[in-house]
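In what follows, chain A forms one complex with chain B and a second complex with chain C.
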Partner chain A sequence: MVVRVEYDYVNARIKGMKSRLLAPPVFESLILKPDVESIIAELENTSYKEEIERATVQYSGMKCIEVALRNDFTNAFRKILGFMKGGDSEKYINILLSRWDIQNIKTILRGKNIHMTSAEIVECLVPAGQLDNTTLIELIRQPDVKAVIDLLATWGIEYAKPLTRNFKEYSEKRDLSILEYAIDKFYYENALEKSGEDSYDDRIILDMITTEIDVTNIKNVLKMIRDKIGIEEAEPFLIKGGITLDIEKLLSMLRSGTLEGAIKVLDATPYKFLSELPADVFKTEKISVFEKELEKYLIKRGIRRFLGDPLSIAVAVGYVWAKYNEITNIRIIARCKTADITEKEIREELIYV
Partner chain B sequence: MVDWGIPIGVGIAFGLGALGTGYAQSKIGSAGAGTIAERPETFGLMVVLVAIPETMVILGFVVAAMMMIMLV
Partner chain C sequence: MEQVNPTRMELIKKNAQIKLAEQGRDLLREKMDALIQEFFHIMESVSKSRDELESVAISAQRSLLTALAVDDSVTLKSASFATRKGLFIDIKGKNIMGVPVPVLEKKRVSKSVLERGYSIIGVSGRIDEAAEKFEMELDLIIELAETETSLKRLGGEIQITRRRVNALEQIMIPELKKQKKYIKNAIDEREREDLFRLKKVKKIIERKKKAAIKQNG
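For the complex of A and B:
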């Protein structure tokens, strides 16, 4: 039975959770710590205390931080899902969290494709979606890409459909991007279909999905331009439904043939900020810099949802992105400490919203 | 002949105030419960916030009582 979710209760809890997110001074003190061990000690004074203590029993150093962050992230989302279980807004939160299912499946496929060990793949997973830790570990145990897809199909998990349909092409070309694109496309089409556009909640979710489609398309187009992929070959990899960029605009980016030309097409769109990147980024064709800027844009847009109607899904959307941002920032700081990167450079890498 | 005007006015003054209070307290109460679940230290503040809409029904009662005493 579908029950109308009382947003007053749910959103009060989410706002309570938001109040425990780390404030900028805490990040500043983490940046100033000399090594990973002192970052762990500092995190023990924050809301990560419980997970850090649990992780330190088994692990130390970077691995301890990774495990603690991953568990905290997963628990936070499972908690929100628990508040909304059985309510009509459960579908919205499921759409949001499915993003991590897709990311996890892609990670496992990538790992299997390049024969990574199970332990290495587990480190990269974020079991925040509907596929829990046990399911993901069972998938990782499979010997190859085909076995992973077969197991997904045996369990009746919907993501098996696009993978099975495109497996033949993948096995002929040995190009994993075929499977990655297929599952991405399936996710976005499914999310658009489920979200609708009637209510305020629908529009909030729709806005986030269509923005993500834009961001994914821009990233793909830039990579295809760098790799000098022809328009005929590239066109099937574009995803329909972006908020600002339709297929025609994406094709005109591809036609320009250079990164500068492609970014110029974005001049009259909210993605104009990409043209303000330093000239050497264009010269060296560093796509990762563009990807990072786009990711920042997406996170900022997500977190701005907090300013929407306080009795709507907007608060949950804002929290999901704020939590993701926080975890990403802590990870950046810890990893930079292991790589001896200066404090100034760490500050530049972080995403403050 | 019975004058129904005053009893009806009294009923409206008290009844609407009570309905308004009930609605406000249901919303503040559920949000307060959510807040206390996450941050138990806010319990005292939440009790005060839940009690604030009581003023509406008290004012309604005062107006109703004044109508009864002064007009009847």
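For the complex of A and C:
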């Protein structure tokens, strides 16, 4: 019962936030704008007003839009985290948002690995997860990769575990991808472990994570097939725990050796839609087209959660995906305006859900 | 005209110089023909590579735009931190008709998804595609750097050789020929003068002889 009361408040707030998401006619009017400046002016009439006004003080053009979108995105998720702080649902939203923590830690490690300046690293952070700006800045202040990992371990942040375990191998080979793979795999393992299967909320989160694992695995298998990477070499990069595709199925995709063959393996799965892509996509081996379809599927599945039980984590999950989708759409429209891409092309090629 | 001594010795010298200049001109012409042949051969591959580079560059820009639009510039920049490495290329040299041209080590910049230095789990295919296209562009630029430098050097050498051939043909050889003609004319003139003088002396001697016979007889 406690949980229900908690969701009453949280979901009322999130539904309020959802009502401020942009409606399709707004996207249509953004697409029809002639340039970036007019998109900025249009966004000033939406819920992005505050962030756009703040960003215009320092930046103009595309940079202004990007910074405003990033800040709005971060604020929205921080707000949700705030609503759920201390409640049972906090762990679920943390699972969803920890992807940005992983991304930020990887950015810091990459920056430290090649001795980038702190300012350059800070510019690339999106503090939408549990690790806030202050924590991330303290990490950036560390002199090298080892010190960053040590600090994470000192603070008891869970991401330190895979990094510490693999640090020896990294320092021997000086290959940062070792640490990146370790932390990426840890993200999924940790999410699966934390989500459980008992409650309705557990199952919603589990469904999202396992679907994401499937999508990520399919993308990676296709990339590795295209680059003719052997099965033995490819196997360590597969993630266990997909909803539909287990490791054996992924290996049979790899064994097929061609994109057509790999997609054929997916015939009896929800990812059959990939086989309906035009033949020239298979011929040109453009993985980004497959990726786009898979992401569309994942985003749609996420947004559909709005239709789930209103007194569950479903509304928050739906909102996170809807917001991500909205921000991506605005960025696509604005970017395309900088390159004079026609409205038809924007609609056809770049707009997501 | 340059001051020349109208002597037989000088005439022999001028003849030898003309022969040498003509020989040099023919040799230079042959060199120029060979260079032009090589120049067009390289130019064909350069123009092909240039067209390819142009289309790869357009496609790379488009992929970059897509990656920037969907994945955000910060994600792209972050991925670029992982792949930032120096590119070392060994340069050797070779000679084409005496023209030193560079030979760049054929090192492939294009990498597979597992070689880029970042984890493929966390990086989108759009970023991979943009990286791949720019690697292809870099490969073509390295290839073009070699051929275009060769082309430039061959072009420069053709120009120098053509100038030399022209200098020999239009200035040096005509000048030598003019000098030869002048010397020859001068020598002929001198010979004619000598003959006339000898005839005159002979006439005087004969006249003197006749006068002496008249006096005695």
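The criterion applied here is as follows: the second predicted complex is superposed on the first by the 280 of 353 C-alpha atoms of A that agree within 3 Å, B and C clash if a C-alpha of one lies under 4 Å from a C-alpha of the other, contacts with A are read in each partner's own complex, and residues count from 1 in each chain.
In the analysis below, contacts are C-beta pairs under 8 Å (C-beta built on N, C-alpha and C of every residue); 3 or more make two chains touch, one makes a residue touch a chain.
Just so it is clear, the structure is predicted and the values come from calculations on it, not from any experiment.
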Requested in this report: Quick one: classify A:D184 as touching chain B (first), chain C (second), both or neither.
Outcome: second
**Report entry** chain B versus chain C as contact partner of A:S118, first or second or both or neither
**Finding:** neither
Requested in this report: Identify which of chain B and chain C touches the larger number of residues of chain A.
Outcome: C
Query raised in the report: Can A:L176 be said to touch chain B (first), chain C (second), both, or neither?
Result: second
Query raised in the report: Who does A:S252 touch here: chain B (first), chain C (second), both, or neither?
Result: neither
Report task. Mind working out whether A:R331 is in touch with chain B, chain C, both or neither, as first, second, both or neither? Result -> second
Query raised in the report: Which of the two partners, first being chain B and second being chain C, lies in contact with A:S29: first, second, both, or neither?
Result: neither
Report summary line: Note: overlapping chain A surface for chain B and chain C spans none
Query raised in the report: How about chain A: which of its residues touch chain C in the complex?
Result: 66, 70, 102-103, 106-107, 110-111, 113-114, 116, 121, 123-126, 175-177, 180-181, 184-185, 216, 219-220, 222-224, 227-229, 233, 237, 239, 286-288, 290-291, 328, 331-332, 334-336, 339, 341, 350, 352
Query raised in the report: Taking the complex as given, what residues does chain B use to touch chain A?
Result: 27, 30-35, 37-39
Report task. Would you pull the chain C residues touching chain A in the complex into a rising list? Result -> 61, 63, 65-66, 68-70, 72-75, 77-79, 81-82, 84, 112-114, 117-122, 124-126, 128-129
Query raised in the report: Taking the complex as given, what residues does chain A use to touch chain B?
Result: 6, 8-13, 15-17, 19-20
